[in-house]
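Paired with chain B in one complex and with chain C in the other, chain A is shared by the two complexes that follow.
And now, the complex of A and B:
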């Protein structure tokens, strides 16, 4: 009897031991992803909340078991806006065996394009440069390109200009990021958009834009389309405000109406420019948190859940980061639902299939995310906002620029 | 000569020729041989991630560039703060071929050693041209002239469509005896390729310094009028110092283009020039092996500061931006500390160490 009991106990402990050993096998799969971006250094005012958006959403995915027992492990590394460091980070991620990569700057996305092609790595950058998509199959823009944004703004100017052909200046960042849409806007004008481009200004690190603004005024410029980051726009708006040049209504005669693409506006601009940001027109595909929507509520709840401050919680770059994490999670979910293994190949296929009835609405954007083999820009619709009383308020319905398809 | 060919017990030179030898003892030669052998065989035994191989390749490329800078600034005493532009000239030579012939043209992919030499030669031509003001300018004024070259270079690249306005110009994968070098072999392949270039250029520079041309560099640095009186040609010496520096920088630039498989202007900015100068200072100006210590020290420091900045960004508020300041702060601090406390650089620590062990175990 004693012997049988001993055998029974031995078997029981062995079984428990074996189950304990095999437990990790039931703990779910871990899908590795990587994000390299400027958390510090140049453009970190955008990169920092973006990183928080990505980090928080993946934490939410893992904690609330959106993917069941499976988890996403996204390593976030700071590259200080340095392409060489981004390349090193990417190599690090590749060694870790990532299945999806999130990149940041235009320069590094362009520099790593060949690597993405060779590795067949699906990539969503924070850069909306249309050039990212040239000779590339694996880069997917989260929203409409800078070109589409600038053309959308140009179309709005043409439609709402009160008298004659509007005279426009482009105020751009001195880099690939800034120059991206210039040629496309020029093409749109050549294709029939009735607008005159008076000057393309590549800004430096000027702390005073008086001379430039007076020059633009002397040339009769009525509108300035900005494609850069917030700080130079804030400097320009403050100088324009001091000189009394800012139009109080769209297209006010004798004044300049300032408009800008995604990275020029948002809460960061109002924080930097203060009252001078009033009447600045801005376009993006993201929602803003001061206007009630399910996406805004989800964004604020996510930020609150992980103790983010108000600045990050209300940042459109936080929404930007959150949205790319949502898309990455969604393709993993879809691949799993179809019983496919989660690999870079299957995630790529799921991205390509994200259209029609399979389009994805993350809530943080003003339209659905759609991708296909011929359309690698996620959210095609744009929303125009205007700064009033220190916050950006939407004007009209989301729209799709007409000339983006005409110039293809 | 010492009666013991393996250990030096003192200086027994009886001719200038003996004093100019590369290796003073057989032990020196054996140690160098063993060291070189180790450099070539360690990757066979140690598996290193691509991330770190890229760092190592970067250090080696910087070694070649800093060797050039050391020639012009360390040995010839001509301050150059536009060295990254010369490196950029080499890289953009490769990029130009890529633009004109296509990134996978056989010249770029198969004749890459020739392309690297051509890049070096283009760098040398630009070096000689920039060196012309050195005939009239000295000290701070020369520094400003080289700075102007840096600015002109950046402006040209940034605004010319041919150079893709500074955006990345791709370079194809190279081929070797075993076929196209794959992604897995890429960094290790270039490690060996750069190592060969380093050995060749290192011994060439060491030999140059033993010749009258090498001694001219030092003589002109110490007193160009005295050198002139001794029959040397200070003007020619200055120009060829710049040309040599340009050649080595051009080679480094071409290697950089091949490693990254693309060329973008961001890698050749004024900040990169200052970094090369810092490497030369920290390594030891006017010493050949300082060109090896400096890049290694600065790149490793960079890597560690990056980690520290990344770590500090996890708890510091974004608007405080202390993490952003850490890199330039540490970088500046290292230069200032070396200038204050060890102006002869890490090379001097090596000299002290060698003196210490020279007579080991038989000290006086």
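And now, the complex of A and C:
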């Protein structure tokens, strides 16, 4: 009796031990990633939907088994737009053994650039600052840089200006984020883009832009290219509307046509500026949800699946977050498909190979994502939109700015 | 010439709103000698309450504004009662540190709401066609903002000059011990000062929110933006806040209108007020209307 009991217990413990050993194999591998961004604090109007896009897409990947039994565990932390906190978060992620990192702001991306190089960590930030790519091998911009966006807008102005050489002012954020494209636009002009830059205005926390707008009008400025966030643009547009300066059609004589890069527009601008956002021209590489497309349907379905409100669901920054998660997932999928181990090294190699026939179309962008050793800006294509009736609508077809390659 | 007059009008409009925003600092400092660093957050909270009542509760905006002012009145009074009352008699630096902590608490609470990370704008309730005269234009929103500012500043000036409570508050500001000796409750005066600052903050926040849209970072930054106004006016003078507000508004507009874009200058509208502030403080260290206290030892 005692012997039987001993055999039974031995068998039981052996079985438990074997099940415990085989459990990780049944569960699949877990790939750790990290995202540090401003969910609260400055710029959180962009960061909050961005975080939701990342979170929702990785949940979808895990729940619908896009990677089979393998899962992605992406830790998302709020850094309140504080570079020191971002650095701390990144170091903590590193100690957890992440294989891919998603960053957010221009400042922290620039500050951590050396760390990314030393750690050989592939990184996609939410900042499209061209300076991120200088002296860096591991930072990959998701879409065209701010410089490319501003140059694209400048090219559109030159092509569609009705008479003479267009006079342009740049309205920029007083930071590296805002100043980034100025030099590149100036280079494009020097390289032959027929446009006159009248003034570069660095805005403050202005309650009223009357003086600035009147000054620009007195200098004959016809176009204002904005590279900042939505709030100062909203105030400027409201003042311009009051002063009767807003062009109702592109390049309307005697008025100013307002155009802007990715973070100046979208539904956050219409939320802030209301009717004053009407006729604002905006460029980004992302689709908008009010125009039917497979990407828009997927974006809205994802947001609905995880109970997001309409504001987040329709945000281009939700698309932004979703898209970087799509790219991160795709490189994992490709590495696995080739039988490679999923490490930061193999994911980096997969990013570099994402070009030609291997380019990736996430659907949330107006063109494919292409990376190589010499091209670290993902989607090169831009789409111009104009605010009409409270929503942004496409104008023309997606385009790639010509002067971005000419000034390299 | 219309260019010049447009800058003057815009300067006065902006200056009036600065004055109203600065009023909260002045009211608290006037009675308790405390600089409330969290005033910008109270401005933002006031704007959000007005928005919530207007849009979510469908209350007409002017009634929402009155309710919002009432709510921030009691909110600020409660803040004083809970956090600051027990610090009476403690060093001023401790009290200021508490207001810095209060700023973080209010930030955290706002971040828990949609207002912390989303943008909103008030529904249009005024004509969109601006008021124009002689080539100068002003929006209805700005005009209403200026009118509200004038009404509030006049009401506060009357309150401090004519009402018994207002005179009591001035007495406390002048000498707390002497005020107590004649039966004035100093803690109650402090509470009332905070409450009135909350009330003015809601008005300021709602006006700014109507002009810039509702973005938490933009709104609470006004607590810092109006700081030169408060210092220049003399910290404890309502008239000083008004005069300094308008001076700052005009300097900003003129600097931006005449200096920026010329001689390689840029962003002078943001810097010029601070330069003028420094120059004036060199000659009048207590601000334009600040009380120069003489201590006899």
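Just so it is clear, the second predicted complex is superposed on the first by the 389 of 408 C-alpha atoms of A that agree within 3 Å, B and C clash if a C-alpha of one lies under 4 Å from a C-alpha of the other, contacts with A are read in each partner's own complex, and residues count from 1 in each chain.
Here is the rule we use: a residue touches a chain if its C-beta (ideal position, glycine included) is under 8 Å from a C-beta of that chain, and two chains touch if they have at least 3 such contacts.
As the structure is a computational prediction, the values presented were derived from the model and not from experiment.
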Let's test your reading of the overlay: on chain A, do chain B and chain C clash or fit side by side? clash
Thinking of the overlay built on chain A, is A:40 touched by chain B (first), by chain C (second), by both, or by neither? both
If you stack the two complexes on chain A, which partner ends up touching A:174: first (chain B), second (chain C), both, or neither? both
Using the superposition on chain A described above, determine whether A:291 touches chain B (first), chain C (second), both, or neither. neither
In the overlaid three-chain picture, which partner chain does A:119 touch, first (chain B) or second (chain C), both, or neither? first
Determine, under the contact definition given at the top, whether A:48 touches first (chain B), second (chain C), both, or neither. both
Looking at the overlay, does A:95 come into contact with chain B only (first), chain C only (second), both, or neither? first
For A:375, using the defined touch cut-off, is the partner it touches chain B, chain C, both, or neither? Pick first, second, both or neither. neither
Using the touch definition from the top, say if A:87 reaches chain B (first), chain C (second), both or neither. first
Let me check the overlay on chain A: which residues of chain A are in contact with chain B and also with chain C? 39-41, 44-45, 48, 174, 311
Residue numbers on chain A that touch chain B, as the complex places them: 39-41, 44-45, 48-49, 77-78, 80, 82-85, 87-89, 91-92, 94-95, 107, 110-111, 113-115, 118-119, 131, 174-176, 179, 309, 311-312
In the complex with chain A, residue positions of chain C that touch it: 3, 6-7, 10, 13-14, 17-18, 107, 111, 116-121, 124, 128, 130, 137-139, 142, 208, 211-215, 217-218, 221-222, 225, 252-257, 260-261, 266-267, 269-270
Help me check something: in the complex, which residues belonging to chain B touch chain A? 49-51, 54-55, 58, 158, 165-168, 170, 183, 187, 260-262, 264, 266-267, 306, 309-310, 313, 317-319, 321, 323-324, 326-327
Which residues of chain A touch chain C in the complex? 39-45, 47-48, 174, 198-208, 210-212, 214-216, 218-219, 230-231, 234-235, 238, 241-244, 268, 271-275, 311
